[in-house]
Amino acid sequence: MILYLLRRLAVTAAILVVICAITFSIFYLMPADPAQGACGKACSPERIAEIRTTLGLDRSPVAQFGDYLGGIVTGRTYGTGERAVQCPFPCLGFSFQTSQPVWHLLTDRLPVSISIALGAAVLWLTVGVAAGVVSALRRGSLWDRAAMTAALGGISLPIYFTALVLQYLLVVQLGVLPYPRVVPFTQDPAGWAESMVMPWITLAMLYAGVYARITRGEMLDSLGQNYVRTARAKGLPERTVVRRHALRPALMPIVTIFGMDLGALLGGALITESVFGLPGVGKLAADAIAGADQPVILGVTLFAAAFVVLANLAVDLVYAVLDPRVRAVG
Amino acid sequence: MTVLRRLSTQRSAALALAVVALLVLAAIAAPVVGWLTGNSPTEFHGEAVDPALGGLPRGAAGGISAEHWLGVEPVNGRDVLTRVVYGARVSLLIAVFATALSVLLGTTLGLLAGFLGGWVDTLIGRLMDLLMSFPGLIFMIALISAAPGADRRLLLVAVLGFFGWPYVGRIVRGQAMVLARGEFVAAARVLGASRRALLLREVLPNLTGPVLVVATMSIPACVATEAGLSFLGVGVQPPTPSWGQMIAAAVPWYAADPVYFLIPGAFLFATVLAFNVLGDAVRDALDPRSQRR
Amino acid sequence: MSERSKRKVEHSALLETRDLVKRFPVRHGLTRRLAGHVTAVDGVSLRVDPGETLGLVGESGCGKSTVARLLTGLERPSSGTVRFAGRDLDAPDDPAVRRELQLVFQDPFSSLNPRQTVRQILAAPFRYQGLTPDEPVERLLARVGLRPEHADRHPHEFSGGQAQRIGIARALALRPKLVVCDEPVSALDVSVQAQILNLLKDLQDEYGLAYLFIAHDLGAVRQISTRIAVMYLGSVVETADRDTLFATPAHPYTRALLSAVPLPDPDTERTRERIVLRGDLPSPLDPPSGCRFRTRCPQAADRCAAERPVLRVLADGHEVACHYPEFDQ
Amino acid sequence: MSLLTVRDLTVDFRSGVRAVDGLDLDLSAGQVLGVVGESGSGKSVTSLAVLGLLQGATVRGEIRFDGRELTTLDQRSLRRLRGDRIAMVFQDPLSCLNPYYSVAFQIAEAYRAHHRAGRREAHKVAVRMLERVGIPEPERRARAYPHEFSGGMRQRVMIAMALCLEPDLLIADEPTTALDVTVQAQILDLLRELRAEAGTAIMLITHDMGVVAGLADQVVVMHQGRAVERGTVREVFHRPQQPYTRGLLACVPRIDGPLPHRLPTLEATA
Amino acid sequence: ASNGNSAGDAVAVRGGTLHVLSSIDLEHLDPARAYVTSSQDVGRLIYRTLTTFAPAPGPAGGTIVPDLATDTGRPSDGAKTWTFTLKEGVKYEDGRPVTSKDVKYGVERTFAAELPEGPPYARLWLAGGEAYKGPYLSPAGLASIEAPDDRTIVFRLNRPVSDFGSAVSLPMFAPVPQDKDTGVGYDNRPFSSGPYKIERFEAKKQLTLVRNTSWDQATDTVRKGLPDKVVIDLNLDPAVVDQRLIAGQGEDADAVGLEPIGPASVGRVLNDPQLKQRLVTGESINTRFLSINTKRGPLDDVRVRQAIAYALDKDALRTTRGGPIAGELATTLLPPTLPGHAAEDPYPSKDGKGDPAKAKALLAEAGHGAGVTLTLDTPATAGGKAQGEAVQAALGRAGITVKINEISSSAFYSTVGSPARQHDLVIDGWTPDWPGASTYLPILFDGRLITGEGNNNRAQYDSAEVNKRLDEISTMGDPAAAQAAYGELAKRIMRDAPVVPFLWDKAAVLVGPNVTGAYGHTAFVGRLDLVSLGLRK
């Protein structure tokens, strides 16, 4: 098992290195020149060359990539002499734009992203799964049709559209909510929740639809299973039959999808965060791309990819815990 | 074609089909719409907006009037209806071509992976894993802005198609794997069929169903992603209208001129919804066991 | 055919396998760890003579299907050889060989491509062999008792029995010498089973086919076979002439098997003596040492655990792999 | 006294299929009723109808169990009856056991559905039942999951589950069809034993005439939702009245007796 | 222009928390690297410079007043040597006094390649500046900056610079104590000499300033230091900033916008008298223009450029920026807010909507009657897109087909700053570093300064006559005469139409109902002067 974990982690690392390499080369192709950007509006070619040297942009791409990877593993030192800056493990470099360590930027923004993602996840899981279960149990009923229509609608709504319509209704017109802003949970939990409600609803509208549909499908599947018939034949109360024998197996694929969605969401609530102006990792990415801030883009990409890959790993492990058939023969 | 017939018997599917058909028709007939309303998608109508108010359309509800049935854009006064129908062209074309690309790539690679197995499967499987763990949107934006000179429409097709194929590939691979182990493939092998024949004659025809379903599902996803990319600033070049482009432009105006924001949004929503309904229906039609409806 | 004349044609066996072994790697759990190897087929030697039917019986998982797949080239043996019509079958994709050795599957529906019409399915053998059909599809259908108008239907429009007829027609299209039937009637209703068994017999009479007829149903095997091989956990434990096997089974497993088949007669069924085996088939991942059957054998002795019995000739055409075969009865 | 009486049972599915068409059955306490017939003849539907487990179908006629009319019984009482007084064993033991729970849990669950019992107590009952149906090392095997069992052991688990409440009636729907003959013999032996010990009435559904011959007292032959023949096992096997029954008996190849060159076939199903 | 709500009942009270809402990022806090308006505006709260702009609305804001120094500098040696004396009692946040050595060190830092982005003047003007690589590589320092004692600092220049006293108002002339210098890291936490110090800075998120208790109002005639705390929210959505300020609820009552309101909010604000009252309009010294690449294709023909100048619909372009509130339609290079401005309109059209007929005639005359096709570079932003489309539509009327080349905003300046990669047209603009044309015309229209990268002369305008005249004006001793001469030269340049000015910017900023002392400041392109803001109780 340990060996397996190590192997999986090695594969994960390899995938991340490849992603890193691809990201790296793409930003080599990008027309924006960070040195130029750093040079400002009054600039001379000599100055640009000088800046290039200090940023390490004059070295070969391969060497730069090597430095970068090395930095992640061992940390690295920028510059020489008196003003040398130590960038400790895991060093993802410094932002060209703000000169801040990328790692710091990421960890700084993670709480916002986590707040958004987890809150939304709780919302969509409860709403989506509950709606899906009820729909499956009352297949063909009015409720079923209404719920599934709503789910389809939720899936078809573009996030930014939902977001702005919500904002227009709840904030501009009704004024029941403030404009989203960053309120750390630790300072003011109520304010935090208030500021997060709209992003949560926005994401939940989309995902609750997805999950309701999946849940319904899976529930119908498992309700048709022979062991559910067995459970009924045993004379179990219907609630137990549904919960224990239908829902539990139906949750397995949901766990898989949930893990992957959450992983993807943490690295990529690009649009939600942009629309609501919440400084999470997604917004960081959007800004970094707009500013050709190569170290930050690389950092976010790696970070996001790492989340996805680790989420996949976590899903597999959870699967092993939940499913005796996989757990067996360890 | 039996699929089509079965679709038309379902009310919601028939409605969705009608919506899609109408949109396609509108897109094709965009010049006709322009001619009917007497507007072009790029012509400015300075008189329809009030510069003193920052270019807000004159009149109620975003400047809806006899000349401008769905109002005008703030600032420049372009006709929204004309732009929406021309935008449909761009959005739908990009989505269809991107889907075609991802279906082509996904089917080919998924088929090879699922059927051949072994190292081919490992390689393609890893590639799909890799692509799917990429933060796609970030990458698409980066890629598109990395190639500023190229035609944005082609670029969008390429990027959407490229990041879309693993989703097709995964499904095709799974199906191909099941089929390859299936007895009718074994039967063909016993009869001496070559690998090529097995792939093309025995396995591939059985994949049309799932591929059709993912394709129908992929079109709305592409429409939405194209719009999202436009929203994030990497859409088609102006003044070509696309829905995403229009929504992105309307975002700052959502409070001042909600009609302007709602119209392209509503079109986008209707399209995506229609395709999704259609996708569901296609799946149900192809899979009689499905108890979804 | 008498025992004597069969001896004579031994050198001209249609199909002969020698010590066929097939191992599959088995992976388990989340880690896909290699848990070991299943020896699905463990040193099987069989022969089928032209025009005869060899029945191959055994319980689920004993390796019958694997034998069928090895013979038809769907699987390559881990070791051992297959000789067919005097040639070694080590080039499994040789189309000319394939033509004369065909397979009928258990599940009539999954063995027919649902996207093809019957016409296409029956034309496939010729297309894959690069031949032009020598008789119209309708003739082929008629041979298996189907009507010409069936040609343009899809498999799902048929009943199980009809679909199995199509599978048989496809196997016959290239006029093979040997047809391997892997449980061709197990998925069918009793009344349809009878029809298919009759059809197979008729076809054999008409075309001089040889069959390797795989089944777990001893009744069906008895009905169609001339000779019968009994498999247990990857190996053949007994081979005998049909009547010999049913009259004087020598291997304890064969005897147990025969006694376990319920007879549709309340009086005999309630009074006859039954050998009920203990336990289940051992896991092929971890087979018992020595005699594979010893864990369930009513007369197992120490020797059985130490030494693996080989097939030996008991009487003319009667071979058994047991240290203590029963001679009586 | 009749334990189960079915009169004029008719089951129509929403799809328009009439699966059972005016069926009458009688089963006395402690007796074994064999129900035979080909695939699709309505055997399983009948058994499900008795338990009130049919969904999407209209059930008409009378089903009286121990004097009570089941078709009009409310869900609650019907639930109490299930498992407790009428138990069921299904054909495919793998798919009938929930892969996510240990076998002991699934047996104990049945017990606890009808008895006030703690987890531990119910587990003990489960282990005892496993031992009774002949699972070696029941203490250890109780914690195993269905996939770790062989087909025969799974069917034993199903039977243990059905018998843990000592029901008056056991409905066994093709309990041995998925099993090998040697294992089938073991399971049939087990059923025989249980009947002798506990006096449980059994409704044995099968398509295998041999199985019925060995176990049943009464036999009903079903064809297309109707009972075409009924009687004691001797009557039906030795003096079948209907050509369908005769055909059914004759078309099965046997391991004893004369060997016809061609088997007789049932014309009706050509 | 309204002078905001500072008049009337306004009672400025010390205390409270002022909120500043910004849709962009403060690019740099490090004075060596601060070169954009918002950085300078915010920087004024944190550090002091030798001189600075007067805290006043209107043209008065353009005046240079002493800050750290006791006066605006004493030139000698024909304006090649400038001497400043530091005020007494100016302290850093830790209570230590500000010395001339710190100013010297601060200027030297700007030479380091690690700290780019800042203005070029130190490197251009200080003697020996070309060779100097900054204090990290040459700790000995730059000899042409002398600090003979703690309060005196002398700059020796390589040429006469008559407005050096204005130049030292730039943040790069703020003091930096050497022991507090953290190199690149200084950007996150510059050491305070002004009324506020940094409590917390999260780039692109929030800057929190708290009172610097060592700051002494008596030494500072410019800053009021009224609020106890200033919280600047960065990187917000522009529409959200507008809407929050329009609503003005809760904390937002104490908030101001850092940038002007967007076009979409103009209508709402102007239609509501109460909101209109809270709108503060400031004049700016920024001019927006369309640069025409004089080196390419048909554009080397002055008649084609003039045709463009006639055809351009300045009004439509202004509408994309919010209409009349965004400024006045420009007719000259130098805006009226700059000394040297001389009114004229060489390419007139009715209401500034362009004169396509005239343009067509000129094109025909130049032999392009069939029309020309040009490419316009725009940044891939909503504004860039809107302006591009306006240019496209306007020139289209005159038979000029314009293709829009969208460039991601990060790559925009490096692309159009490279003559090899720029195309025909680009929408451009310029704000001089201090009121006057000396940091405007020479930088933009001296053909000898065209460089392969980082080029500012996007018209690639190179006229021997203009170059010569620029040299002459730079040596003029009398600043007033020089400004007048620049005014005349600007007219001369306009004849060649290398650029088409279309807007003299104004900024309209919303302030919360509880804010006092708000006015637009010329030097900060019309945006609020943060140092004067206070809150009502």
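Things to note:
Per-chain numbering from 1; labels A, B, C, D and E assigned in written order.
Definition applied: a residue touches a chain if its C-beta (ideal position, glycine included) is under 8 Å from a C-beta of that chain, and two chains touch if they have at least 3 such contacts.
None of these values were measured; they are calculated from a predicted model.
Shared contact partners of subunit A and subunit E are B.
Chain centres computed from CA atoms place E at the largest separation from subunit C. Taking the mean of all protein Cα atoms as the centre, the chain whose own Cα mean lies nearest is A. Averaging Cα coordinates per chain places subunit A and subunit C 55 Å apart. Our note on geometry: subunit C versus subunit D, Cα centroid distance of 31 Å, whole angstroms. Between subunit D and subunit E, the centres computed from C-alpha atoms are 90 Å apart.
Look at where the CA atoms of subunit B average out and do the same for subunit E: the two points lie 44 Å apart. Multi-chain contact residues of subunit A, defined as those touching 2 or more other chains: 30-31, 172, 274-275, 289-290, 328. Residue positions of subunit D touching 2 or more other chains: none. Partner subunit C is touched in their complex by these residues of subunit B: 182-184, 186-194, 197, 201-202, 205-206, 208.
Contacts from subunit C toward subunit B in the complex involve residues 69, 72-74, 93, 95, 98-99, 101-103, 105-107, 110-116, 124-125, 127-129, 167, 170, 174. Touching subunit D in their complex are the following residues of subunit C: 59-60, 189-195, 197-198, 201-202, 216-220, 222-223, 246, 256-270, 274, 276-277, 279-281.
Contact residues on subunit D toward subunit A in their complex (touch as defined above): 48, 51, 53, 75, 79-84, 87-88, 90, 92, 95-102, 109-110, 113-114, 145, 147-148, 158, 161. On subunit A, the positions that touch subunit D within their shared complex are 225-227, 229-238, 240, 244-245, 248-249, 322-325, 328.
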